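Okay, so subunit A shows up in both of these, paired with subunit B first and subunit C after.
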Partner chain A sequence: MLETVHFTQAAQYIGAGMAIGFGAIGAAIGEGYAAGIANESLSYRPETSGDVIRNMLVGQAIAESAAIFSLIISIILIFSEPSQQFILFAWIYISAGLSMGLSAIGSGIGAGLTAGNACHGIVRQPGNSSSIIRTMLIGSALCQDPAIFGMVVAILLLFLDFSSVPLYPGWAVMLGAGLAIGLAAIGPGIGCGLAAMEATSGVARNPVTSTNTNRIMLIGMSIAQSTAIYGFVISLLLLFTSHEESVTLTASLGLLGAGLSAGFGGIGPGIGEGATAAGAVKWISRSRENTGILTRTMLVGMAVAESTGIYALIVALLLIVVL
Partner chain B sequence: MEELTNVPQLTMQISGFNLVFNTQTIIMTWIVMAALVIFGFLATRRARLIPNPIQVVAEMLIGIFYGFTRDALGEDLAKKYSPLICSLFMFLLLCNWLGVIPKLTEPTKDLNTTLGLGILGFIIAHYSGIKVKGFSDYIKEYFQPIFFMAPLNIIGELAKVVSISFRLYGNIMGGAIIILVVSHLVYSLILPPFLVFFFGLFVGSIQAFVFTMLTLVYISLQVK
Partner chain C sequence: MDISGADFIRGLALLGAGLAMGLGAIGPGVGEGFAAGKACEAIGRKAEEAGLLTRTMLVGQAVSESTGIYSLVVALLLLFVV
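Entry: the complex of A and B
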C-alpha cells in the first residue's frame, strides 16, 4: 500500500512537471516572436512606439494564457492529496499533465504569431489600430481553443471518479485520452495562428475589407480546429465508455493506439488547413471582389487536407469500437 | 493553500432535489449587479447636454459597443443587440475587477458563472439565427459542406460554449492561483499588489473584452 502512495505521488510530480514544462514551450516562442516583430517594426516608424508596445503587451498576455492554464493544472497536481488506493491514479496524473502540456504548445505559438503581425500592421497603418487590435484579439483568443480542450480533459481526468475502472485496460484508456487531445491540439493551434496572422496583416493592408477578412478567418479557423475536436471527441469516448477488464496486452494497447492515432493524425491537418486559410485570408484583403471564389477554393482545399485527419479518426474509432 | 479548494456552499433539500448554492459567488454577483444598477442610475438621473463625469463614461461605453455591434451585425440588428453586448461587457469587467478589492473575490472564478454566460450567448446566437434565416435554412447550415458532417458541426457548436467559458474561467482562476502562490512564497511582501493589478485589471479587462467580442462574433456567424 505504501508503494502505491509513493507511485501516485511520484506521478503527480511528473505530471505537474510535464504540464508546465511542455506548456511553457509554445507561449515562450510566441511571445518572443511577437516582441521581435514589434522591435523590427519600430525601426521603421519609432514614433508609434506607444501603440506598438501596448499592443505587444496585450498580445503577449493572450499568448501567455495557455501557459497559465498549464500552471493551474500543475498546481492542482502538486497540491492534491495522493492518498488514493489505486495505482490507476498514477496514470491519470501523468495523462492530465501530458494533455494540458502538449495542447498548450500550438496555442502559444499561434497567439504569438498573431500578436507579432498585429504590431507590424499598426506600424503600417497607425490610424487603423483599433480594428487591427480587434482582429488580433478575436484571432488569438480563438487560437487558445485547442489548449482549452486540453485543459477540460485534464480537469475531467483529475476530478471525475475513476475508482471503478479496472487497471488493465484502464491505464491505456487514461494515457490514450491524454495523448489524443494533447497531440491533436498542437497542429490546430499553430494553424489557427497562421490564419489569424494573415488576417491581421490583411486588415492592416486594406482596412475596408475588415468585415470580409474577419469572417473568412473565423470560418477557416473553425475548420482548422476540427482535428482538435476529433481528438477531444476520442478523449471523451475513451473516458466515458466502459471497458471490460482484460489482462491481455492487446486490448490495452489497442485503446492506447486509438489515442495515438487521433493525436498524431490531428497535427498535420491542423497546420495544413491553417496555411490554406492563411492564403485565402491574405488574398481576400487584396482582391475583395473575388471573395466568393477564394472562399470556395479554400473550402475544397481544406476538405482534401482534412481527409487524412478523418482517416486517423476512423482508425481510432475502429480501435475503440471493434476491439 | 486551502483557499483553493475551499468553496463555501449551501445545500438545500427542495422536493427531493439536492440544490447546492455557491454562496460566495452569489453574493459577489449581487454586489456587481448592485454596482451596475447604481452606475446606471447615476449616469441617467440628471442627463444633460453638458454631461457629468459618470454620464461621460456611460456614453463612451454605449458609443463604442454600438459601433462594434453595427460593424458586425448591420444597422437594424445593432439597435436590438447593442444593449446586450454593452451590458455583458460592463458586467464581466466589474466581475473581473472585483478581486482587486480585499476580501472580495471574482464571481468569474467560479465555472458556473462563466458557463452560464456562455450558454446564454449560445442560446441567443441560435435563437437569432433561426429568427433571421428561418428554421429550414438554419438546419441546412449543419449539413454544409457535405451531409455527413452534421454530427461534427453540432459538436463544433457545442465546443464553442466550452471554449468561451473555460477561457474566461481559466484566465481568472489562473491569475488568482498565481497571486496566491507568489504571496505564499514571498510572505505577502512587495510583489502581490503588482500581480493583483496585472491579473485583476489588465488581464481581466482583456478577457472581458474577448468574451464580449466572441459572443458578438458567434451571433454574427449565425445571423449572416
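Entry: the complex of A and C
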C-alpha cells in the first residue's frame, strides 16, 4: 500500500533527476561549442595555444557553473528528509527540480558561445587578449543570471515552510512557480550569450571601441533578461500570495496556466532581443560614429520583440489576480 | 476531488489560455529580435539609409507580431468569453 512518504520520496528522486538532467544540457552544448571554436582557431595559429587553451578553460568553467547549481539542487533533493504527512511536498520537490534544471539550459549555452568567440578573437588578435578576456568574463558571468533566478526559486521551494498551503490548488501553485522561472530563463540565457559573443568578437577586432561595445552589450543584455525577470516575478507572486482552498479544477489550472504563460512567453523575446543586441554590438565595434543610430534602432527593435513577452506577463497576471 | 463538467471545461480553458499565450509568444520574440539585429547590421554598413532600414524593420516586425496577437486574442477569448 502506497503512503504519502512513498510519493514524496519518489518525487525527490524525480526532481533530482530533472534538475541535473535538464541542467546539464546547456552547459555541455556551450562548452562543446567553446572547445570546437578553440580548436578550429588554433589550426590557423598553433603558436597561440597557451593563451587560447587557458581562456577556453576559464570560459568553460563559467559555463559549467549553471550545471553545478543544478548538481547542488539535485544533491539537496536526494539527501533531504522527505515530508511524511503532506502529499503537496511531492509537487514541491518536482517543481524545484524543474525550476533549476530548465533555467540552467540557456545560461550554459550563452556562456559557452561567449567563451568560443573569445578564443577565436585571441587567435586573431593576440595583442588584444586582455580586453577580450575582460568582455568575455563580464558577458558570460551575466549569462548566469537566469540560472541564478531559477536556483533562488528552487531554494525557496525547498526551504520555505509550505505545510499550511492547501493541496488544492497548492499543487498548481508549486508547479506553476517552478515552470514560470524555469522556462522563462531559457531564452534570456541564450540571448545574453548571443550579445556577449558578438561583443567579444567586436572587442577583438577593434579594441579602441571596447568601452562603447561593452556599454551597449550591457544595455542589450539587461533588456534581454527582462522576460526572465517577469518569470521570476510570477514565480514569487505564486509562492507568496495566499491561495484559498478550492477543489475546483478552475482554480488549480488557472494558476498552472499563469506559470506556463509567463514561462513559455519568456523564451522568445529573450532570444530575439539577444540577437538584436548582437547585431548592434557587432557594428558599433566597427563604426563608432554610428553608435547613436544603432542604439536607437536596437531599442526600437527590442521594444517590438518585447511585446509578446508583455502579453504573456499580462495573461499570467490576469490568471493569478483577476480570475 | 469531485469535478463537475462545467468546472472541468473552465479549468482546461484557463490552462489553454496560458499555453496559447506562452507558446505563441516564442516565435514573434525570436523572429522580431532577429529582424532588428539584421537591421542594426545593415545600418552599421550603410548608416545613411537608416530611415528606410528602420521602416522595413518595423513593417517586417509588424507582420511577425501578428501570430503573437492571434495568441493574445485566443487567450483573452478563453479567459473571458468561453
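What we mean here is this: the second predicted complex is superposed on the first by the 319 of 323 C-alpha atoms of A that agree within 3 Å, B and C clash if a C-alpha of one lies under 4 Å from a C-alpha of the other, contacts with A are read in each partner's own complex, and residues count from 1 in each chain.
The working rule: contacts are C-beta pairs under 8 Å (C-beta built on N, C-alpha and C of every residue); 3 or more make two chains touch, one makes a residue touch a chain.
Bear in mind that the values here come from a model prediction, so they are computed numbers and not experimental data.
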Message = Quick check on the superposition: with subunit A as the shared anchor, is it clash or fit for subunit B versus subunit C?
response = fit
Message = Under the stated touch criterion, which partner chain does A:P207 make contact with: subunit B (first), subunit C (second), both, or neither?
response = neither
Key: Which of subunit B and subunit C A:G257 touches, first, second, both or neither   = second
Residue contacts on subunit A - larger count, subunit B or subunit C = C
Task = Using the superposed model, determine the angle subunit B, subunit A, subunit C defined by their C-alpha centres, to the nearest 10 degrees.
result = 140
Key: Contacts of A:G32 with subunit B and subunit C, given as first, second, both or neither   = neither
Request  = With the two complexes superposed on chain A, say which partner A:I68 touches: subunit B (first), subunit C (second), both, or neither.
outcome  = first
Request  = Would you check which partner chain A:Q144 touches, where first means subunit B only, second means subunit C only, and both and neither mean what they say?
outcome  = first
Ask   = For A:I229, is the partner it touches subunit B (first), subunit C (second), both, or none of the two (neither)?
value = first
Note = The superposition places the nearest Cα atoms of subunit B and subunit C at a distance, in Å, of 17
Touching residues on subunit A, where the partner in the complex is subunit C = 168, 183, 187, 191, 227, 247-254, 256-280, 282-284, 286-287, 289-290, 293-294, 297-298, 300-302, 304-309, 311-312, 315-316, 318-319, 323
Note = As the complex stands, subunit C meets subunit A at residues 1-3, 7-8, 10-12, 14-19, 21-41, 43-45, 47, 50, 53-54, 57-58, 61-62, 65, 68, 71-72, 75-76, 79
Key: Contact footprint of subunit A on subunit B as seen in their complex   = 1, 4, 68, 71-72, 145-146, 152, 155-156, 159, 162-163, 166-167, 170-171, 173-175, 177-178, 181, 202-203, 206, 209-210, 213-214, 217, 221, 224
Complex contact set, residues of subunit A against subunit B = 58, 61-62, 65, 68-69, 71-72, 75-76, 79, 134, 137-138, 141-142, 144-145, 148-149, 151-152, 210-211, 214-215, 218, 222, 225-226, 229-230, 232-233, 299, 303
